[in-house]
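Each chain gets a letter, A, B and C, in the order it is written, and its residues are counted from 1.
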Amino acid sequence: MVDAFLFVGLPYIAIVTAVIGCVWRARTNRFSMSSRSSQFLEDRKLLWGSAPWHIGIIVVLLGHILAGVLPQVWSSILTVPGALIAIETVGVACALLAIVGLSALIYRRVTSARVQAVTTTTDLVVVALLLVQIVLGLLSAVHFRYGSAWSTGTVVPYFWGLVTFRPDMTYVADFPMLFKLHLVGAWFIILLLPFTRLMHLLAVPLQYLWRAPQLVIWNTTRRRQHAVAATIQADSRRAFLKGAAGVAGATGLMALGVSEKALNFFKGPHPDPEADSALLQKKLQRLQLTAEERSYELERQRNDMILVARYAELAENKGRYFIDYAMAPGLAFKGKDGLPLVISAKCTHLGCTVGSELDAQGRVMCPCHISYFDVQTGKPNDGAPAKLPLPQVGWALVDSTGKVVLSRKPGESMQGKVDAALLPQCSLYITKPGRGIA
Amino acid sequence: MRALYSPRCWKTTLLLAFLTTVGSVQAYPEFQQHIVKTTGRAVNCALCHANADGPEGTGPGQIGHLTAAEQAELGRARAAFEPGARPNSPILNAFGNHLINSLGKKKFLELRLAPAQLAEALPKDSDLDDDGISDARELPSGTHPFIKSDGDPWLLFQANFKRNFTQIALALAATVSGLWGLGHLLRGFAVATRLKDDEAEDPAH
Amino acid sequence: MKLPETIERTEAYLAERFPVEKMNYASMILKKEVPVHRLSWGYYMGGLALFFFLVQIATGVMLLFYYQPTVSDAHASVEYITEHVPAGALVRNIHAWASSLMIASVMVHLLSAFAMKAFGKPREITWITGVALLGITFAFGFTGYLLPWHQIAVNATKIGLQTIEEIGAYLPGQMATWPKAMKEIIQGEASVGQATLSRFFALHVIILPLSIAGILGIHLLSVQLHGMSQGVDEKPRRMEKFFPTYFLKDLSVWGVAFMVLFILGLCLPFDSLFAYPLFEPFNAKGSTPDGIKPEWYFFWVYYPLELLPFWVIMLGQTVLGVVMMATPWIFKNTNRRTLKVLAVAAGAYLVVMTVFGEKIYHLFKG
């Protein structure tokens, strides 16, 4: 019952009162909205109290508002590594700053006679309430760690329930007393908004942040020049301050995102053992393939004949790739007459590797610039980008005893003879240009 | 440089006759042919197979290159007629195995007659490469379901943009605030030098 | 002409191009002014290219930490970067996108500088170094293309190098063998292999960066010495201070470019613009894969090369090269309106060939 009043009744009373009260006060007594200044009565302690208090409380309040109004944006910010710690640290630091400032302000208010003269009872109530509230908040933050993360699932839905007229107390019913007090304190402060100096919250002098300084001076030449110089100086100082703030902000954000990425980039991946061994295996496979390719090179330097395929592996309509003595690709077919047909596969146009499949006219195609080569003669089709025929490659057929039974050098006639029945036992070799056949 | 494509993986070569110690081998090129025809993209056997030239041959990931243990895996994968058999065929890549696992070989073979329906039969929520486009959506557009950087550029952009929104927002905030800060620094610098120059020119003050 | 006279004239010529009395902070930074007119956007293009170049250096150095320039490991190491290294895909993708964007902005820079007659006396040296920078930028693109050692990289490089050899057929006498010799020097062995990769790597990460840094120094120095060219025929109505007004605007353009690059790098893999088989490791024993073509910034010469006889393109390239190097003297007395028309025509040609090149090719070749 008490809970129901404190977490549903009180909030509505507070909100309604605050809204009506503030509107009424703004319309009837406009100039009372800002809080009454006591700066000309005492300004040294004021600076050391007011500045930390306001800086601290503004940061903390903005955090509360952002998390409450845009919970999704807030949680997505928290997903950035390190952001949660950073936000909590900033929050606690600012709360401490605010407490120090507020304490200084209270001390000033109760010790300075001149300030006492303008202090009302409500001022004292407000100041005490604020101190209690912020201490409660700080304690909750310390005791129930990472409120910036868990609040989006608890307090925020409760808040939105109130706003959308579907109050749901279950979110807050189980909270520890400490935090409940913090919540109730918040509603009390809102309730008091229109009756106290707190209403200056709604009259934030934002334009002071970018307004140029205004000086009231006697209008003489000397003073004017002085004033101009002073204004320029102040101007440049403001520019430097803003600049430093902007660059610092950017650096901070970059540090959050980019430097974390860059650091991890240089740190490198640390895969689990399984992924690590898979990677190593892949690497070894590639190394083996490369070693194989390099060994072809050696083979071609050392040997006068290189095995291309067994005769049985040759086909009429699909060529078999091999690597010739110039380390360029070649193609081996079985001709119509059953004898091997061995031809270079390096396009005579720009050196692409031609395809291995014969079309209906007995031609292979180079996919780069579409030239068709007749595999019998090596000649390209008319109008093809390639002008020269694919060169023939010298070959030899070796029977099962290792004897060359049939061979052919480019541009020469066939040497030797072979029985068609023995062909399937033969193997096809290419022969080194410029060497006789053993 | 040519839309035409000559599928290499399905031609039964004579080589095969020489190699077939494990019974007759068949790859299923209907799907690849269909994708090439409808998308015009160069798609090769590496879409589903371990080797880009298909399962037949002696290269890595081909039938002529298997160890005894891999042969056993292959046999088990061949018998995966019903879905959920978790095949680990050495001649298929992760996507090929995923296909057989989620459809079952029986259904897969039936689909050869209507290759367009393969994508619809795939589980809708599976995204093997985690690029934000589901496998069922990648298949008909001819992009590889197992390569993260391959996908319809526009869809990839959308998915990655959504995924990295916070990073982008932070980078934007950093850029804007950095420019704003640098701008004021430069302006302050310019004002300060002007002031100094004025004083130097006018020593009376 | 006597020797002392020649020296004197050279001295006078250089003194006009590199006035020592202007080589100070006040004159190069504080007093510099930038004209404001309708073509003012052209002044940002050079800065933009510089930005992308700086990005390339940063990301390139990062990639160097993992890349291995050997035939067996190159592709695997690139794969390792994109798949395993944290943020590696982002770094590599930004490197790819920034290279394209750098070349695009260099092209626009060239055309806008031409249209604004930014080569008039005393800016000849600025123009000549600019043309050299353009050449180096293309060389960067060509050499960088090979390094991942995938199908498209090796095959496209093979074709590109073979093209050099083709020139030999059109040269007389002894000169006919020169292009082939040149190709072999670049290639380092009979076919594109380990030697080629090592050479391209050295070019891409040491030689080209050093030479671009040197030439860029001269280019930037003369830009700051002579200030921005007037840009339009009539006197510009307004000038703005280079520092800080224009410099700030330039920085803002850099900021926008950074965001564009970051979003592209994060969200759109450069590889997705090609089909995946092209990115498989190079296979020496396979046929050249379909869909092979150079990077988009070579389309303007690639598609005409496909359609027209080789000698026409060679002649055209030679003429283009000579005209570009001699532009400050050829177009000495041309007014800016004519130059603008020429630049727009050239720009239209580049856009049409880059965007519709493939369609045009199929239109003629079926």
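Here, contacts are C-beta pairs under 8 Å (C-beta built on N, C-alpha and C of every residue); 3 or more make two chains touch, one makes a residue touch a chain.
Every value quoted in this text rests on a predicted model; they were computed, and no experiment measured them.
Taking the CA centroid of subunit B as reference, the farthest chain centroid is that of C. Geometrically, the chain at the heart of the complex, using CA-atom means, is A.
With each centre defined as the average position of its C-alpha atoms, the distance from subunit A to subunit C rounds to 29 Å. Each chain gets a centre from the mean of its Cα atoms; for subunit B and subunit C, those two points are 31 Å apart. Subunit A and subunit B have Cα centroids separated by 20 Å.
Chain contacts: subunit C has residues 286, 289-290, 292, 306 touching two or more partner chains. Counting partner chains per residue, subunit B shows two or more touched chains at residues 1-2, 167, 171, 175, 178-179, 182-183, 186-187, 189. The multi-chain contact residues of subunit A, meaning those touching 2 or more other chains, are 289, 355, 367-370. By the touch rule above, subunit C contacts subunit B in their complex via residues 30, 82-83, 89, 243-244, 247-248, 251-252, 255, 258-259, 262-263, 266-273, 275-280, 283, 286, 289-293, 306. Those residues of subunit A lying in contact with subunit B across their complex are 76-77, 79-80, 225, 229, 232-233, 235-240, 242-251, 253-254, 256-258, 285, 289, 310, 312-315, 318, 355, 357, 367-370.
Partner subunit A is touched in their complex by these residues of subunit B: 1-2, 6, 8, 11, 13-15, 18, 60, 165-167, 170-171, 173-175, 177-189, 191-192, 194-195, 205.
Looking at the complex, you find that subunit A touches subunit C at residues 261-262, 264-269, 271, 275, 279, 282-283, 286-287, 289-291, 293, 321-323, 326-329, 345, 349-356, 366-370, 385. Subunit C meets subunit A in the complex at residues 62, 65-66, 70-73, 75-76, 80, 84-88, 90-91, 155, 158-159, 162-163, 166, 190-191, 193, 281, 284-290, 292, 306, 365.
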